[in-house]
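Notes to accompany the following structure.
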Amino acid sequence: MSPETKGRFAARLESRKQLSPSCHVLIFERPDSFSDARPGQFVSIRVSETAPPLLRRPYSIMDLTARSLSLLVKVVGRGSAALAALDKGDTVDLIGPLGGTEFPAPRNGNAFLVAGGTGLAPLVFAARTWRREGRSQEMCLLYGASTKDELLEGLIGEDFCECSFSTIDGSSGHHGDVVELCENLMEKGRMSGAMLYSCGPRAMVRALVERLGSRFPEHVTSLESVMACGVGACRGCTVPVRAGGKIVFKAVCSDGTVFKANDVAWEEWEG
Amino acid sequence: MSPETKGRFAARLESRKQLSPSCHVLIFERPDSFSDARPGQFVSIRVSETAPPLLRRPYSIMDLTARSLSLLVKVVGRGSAALAALDKGDTVDLIGPLGGTEFPAPRNGNAFLVAGGTGLAPLVFAARTWRREGRSQEMCLLYGASTKDELLEGLIGEDFCECSFSTIDGSSGHHGDVVELCENLMEKGRMSGAMLYSCGPRAMVRALVERLGSRFPEHVTSLESVMACGVGACRGCTVPVRAGGKIVFKAVCSDGTVFKANDVAWEEWEG
Amino acid sequence: MTAAKGQGFAIGPASFRNRVFLASGPAGYGGEYAGLIGLDRLGAVVTKTITIEPRAGNPGRRLQETSAGLLNSIGLENVGAAVFFADKLPALIAAGARPIVSLGAEEWEPYCALLDATALRVEVDAVELNLSCPNVECGGMAVGKDPALVARYVRRAKDTLIGKAVLVKLTPNVSDVASLARAAEGAGADAVTAINTVVGMEFLDDLGAPVFRRVSAGLSGPAILPIALEAVWRIARSVAIPVVGVGGISSVEDARKFFAAGAAAVQVGTAIFYDPGLPERIVEALEAEGIPRTIGSDSFCEGGT
Amino acid sequence: MTAAKGQGFAIGPASFRNRVFLASGPAGYGGEYAGLIGLDRLGAVVTKTITIEPRAGNPGRRLQETSAGLLNSIGLENVGAAVFFADKLPALIAAGARPIVSLGAEEWEPYCALLDATALRVEVDAVELNLSCPNVECGGMAVGKDPALVARYVRRAKDTLIGKAVLVKLTPNVSDVASLARAAEGAGADAVTAINTVVGMEFLDDLGAPVFRRVSAGLSGPAILPIALEAVWRIARSVAIPVVGVGGISSVEDARKFFAAGAAAVQVGTAIFYDPGLPERIVEALEAEGIPRTIGSDSFCEGGT
């Protein structure tokens, strides 16, 4: 991936659909000359030129086709609320594709994709990309949400050979978190030799590493961090990563978003 | 007028009508317990709770009936643009009525009301109020705008016995400014003994005073100034006024908005 | 957050029903906001700074909005001590408010005269010394930037105003606001208030001239909240007397931050212009949910001066 | 406004094609913004401050938005002089940019080593001394607050960097920024840059702790524009060397204000995060409409210090 492919565009909203109390799918017309993107890459959006927030907001690419760019937006504050209030035909100032690493395609064995909440977005893109590339590996989704209403089943489609769900309140699927779901599948021997891909709340990914890490040497995860530039310039979005016995700070936006989950110095990572 | 009558309300927009390229009439439902108001009083509106501008925006009361409160809003910046984008049913946070002085009703003789641009608003309220009170004096309106499109003839109705217009570009009425219109009428002896009421751009009112002042000892004007509190507390909106040989600062919001035009120290007034 | 054990508290000899005050200036002498702010619900109303003689204030434009802020150049316009004590203060007390009288530090002589006049007022049991107004020629911020002058002005106030609480309001426009707080404490101040406005300027739209005749003006509002918070944090870790936090508070959440930073009370200024209900909402929130505890600084590797 | 007689100008021995620079920090070493900012259109790119050795930067969270502002606590993370000169600077020059190299003032020894390393670089003809970073333990702002230290650091730079322009970046977190500018000028600085970030802090949403491990951080963005403008106005009337204005520029209009205040050039920082096209738009506007003239201060009754 060459970072020079990023550009700044006025992206026009083609449709917006509310999928759950908090989540919306926004489908933009793919801007002319918007580069091809890889799973784990993202865009950053200037939500308003006249109202707060000041900074752009980063969103994972959930799909990119010849004609459209899809994002999954959960309303958590001012920026996301404004995005979820866009109407068809509105344009936003969007920079992308951003991100210097991608989810590597599964090699041998199957792929287990573990998603928490909106962490689903880049994993959907991964599964679709690999399917479009004609890869034969089986892709199994393990996907957790807080409650049934927030399980975005409509997004999952045909891309996965198998899906398991969990909800914290037990209203659908496994009653508990998605890490337990993984543990259960593993007990059944279902995951041996598989590659693990994850994206979700920091606590989820950390628990995956701490509870299952040793059994999944090949665990890659797409991280989030508060960002300003999104291009690796400002060094604001760093994550501590272990490298050669010491801890170095990597930029989530340009050294990531995809990292080897077992390399992240989770206990050192605040903020 | 007792200042304790002011209150803070969530005022609901009943209708909005664009009258000219820049001007809109906003009619709000009169909030319960919104006090009666006098001509020259105003309201101050918090345009948005989430977006700039920070400060409230002051608007003259153009009419107040048992059921409705009308304002005239010219779009000149962010605040007024947001007001002009309100939809029927939207509510705004509105404080009023504000202002410690009013246009005194005409005593003897007739009343000449000189309006420039949106300065029309408080003069419309004055004429309507006096007509409703059954006053018999004739009220003549002299009203200037930049161009025909910005002459808000629709607002004038039956309240005035006579109206003369001027436009800077000559597209309607007298070709020139409204001060010349006054001078012309005066030449004809039409204005002797009359009271003069004015509201408009500072340069207009100043020119009225400097060119006609001596012949109009009874000239009262409603002034504008940048405001913060609107209630006389912050001393931010002051105008220099001559009193007893020296200059004192009066608060437009609470010592006005209506002042004796000949008392204002125009040459000292910046900002 | 700790549960509210009652909201009352004391600063030196003066007690307050709660920890939410109106800041000096925006609310004038208080009465102007009657009907919009329930003055009797607040811990205190710090009145507009007065001087011994009336002051006309600054000529020219006095207000300018900025991004999330407000510049003002009022120039301490006030009615003077005599009219204040005769008219304004009684009206404020009659409205049920609990006043803290803000006294302006001008040159030494008029300042002393103002202290002497205030000493006689039995109805005044708390004053705030404004050593930090950026909008006047003499005294004001010039006093507030010099620890030795701060100490001298505070000591004179304490010596004169026997039995009254003396709060000292500090300017943020200095290299080390904590050293000024320590100077005030050392001279006997009962509390410090931080911060006054931050010096700034703006131009007219046509760039033909600065907005303000005095060029510089004082910046307030949400823009300065992080600056105020940092000053309060720093001061609260440098002195033992209470710190009253002010600067940019625009929501209940903002007020809580100042308590977390170490403030004993908060003041609301600019926000009353757009949200006069805010001070009462803060009172209610603190009553309902208690005063947020101050964050310990042990675990943070703070920078040097 | 005066008509543009060509946009080029000089600071000491260094010349620039126009008066619009990228500020040090937000744009990193420049290359990261390739494709989003036309670096070859700008007067200069001030590179991220470097130190002689690489620095890892601060642990914990590094960014927090505030009302119309941004707090950062990057802590001068940088690749160190060797990698900078070997990799980053050549790439920036290859991209057509005109660099000004920002040098960090740490303790005296590493600072001197950095100057000595820089002196050897023929491709560097302009440096900006960052005497004002609030986010590091030693050096940084502590140096920038003391006129004597400023003079010492600047003199060493001028003595070492023969034939190179030396800009000195000042902190606003002082009582009198003009006195620091005079100290820099007296020590031979070719220009001063004002301002670096304003010290501030914020709390996490749950108020459980400050956002930043070092507690204090640096405030930038539109919130600080009035503060920066005032500093530039004051400095421009205190020194004869050019002043480079920076702080909160978020529109072409904002940039014009700095010229009106007396700046010879402007820098854009935080705004590139949300509007990377802004620096070029300012260039175009100045080309089309000229550089706004500086407002004379004769007619204004400015406050004393």
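The letters A, B, C and D name the chains in turn, as written, and every chain counts its residues from 1.
Note that in this section a contact is a pair of C-beta atoms (placed from the backbone, for glycine too) under 8 Å apart; a residue touches a chain by one contact, two chains touch by 3 or more.
Please read these numbers as outputs of a predicted model, since none were measured by experiment.
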{"item": "Co-neighbours of chain C and chain B - touch as defined", "value": "none"}
{"item": "Most distant chain from chain D by Cα centroid", "value": "B"}
{"item": "Approximate Å spacing (C-alpha centroids) for the pair chain B, chain D", "value": "48"}
{"item": "Euclidean distance of C-alpha centroids - chain A vs chain D, Å", "value": "36"}
{"item": "Rounded Å distance, chain C centre to chain D centre (Cα mean)", "value": "33"}
{"item": "Residues of chain B whose C-beta touches two or more other chains", "value": "52"}
{"item": "Multi-chain contact residues (two or more partners), chain C", "value": "67-69, 213, 221-222"}
{"item": "Chain-level touch network, classified as line, ring, star, complete or other", "value": "ring"}
{"item": "Touching chain combinations (by label order)", "value": "A-B, A-D, B-C, C-D"}
{"item": "Chain A residues within the chain B interface of the complex", "value": "48, 50-52, 78"}
{"item": "Contact set on chain D toward chain A in their complex", "value": "25-29, 32-36, 48, 56-57, 59-65, 67-70, 72, 74, 77, 211-213, 221-222, 270, 272-277"}
{"item": "Chain C-facing residues of chain B, complex", "value": "3-8, 46, 52-56, 95, 226-238, 240, 247-249, 254, 268, 270-271"}
{"item": "Touching residues (chain side chain C, partner chain D) in the complex", "value": "1, 66-69, 71, 134-138, 141-142, 145, 173-175, 198-203, 207-210, 213-217, 219, 221-227, 229-230, 233-234, 248, 250, 256-257, 260-261, 292, 295, 297, 299-305"}
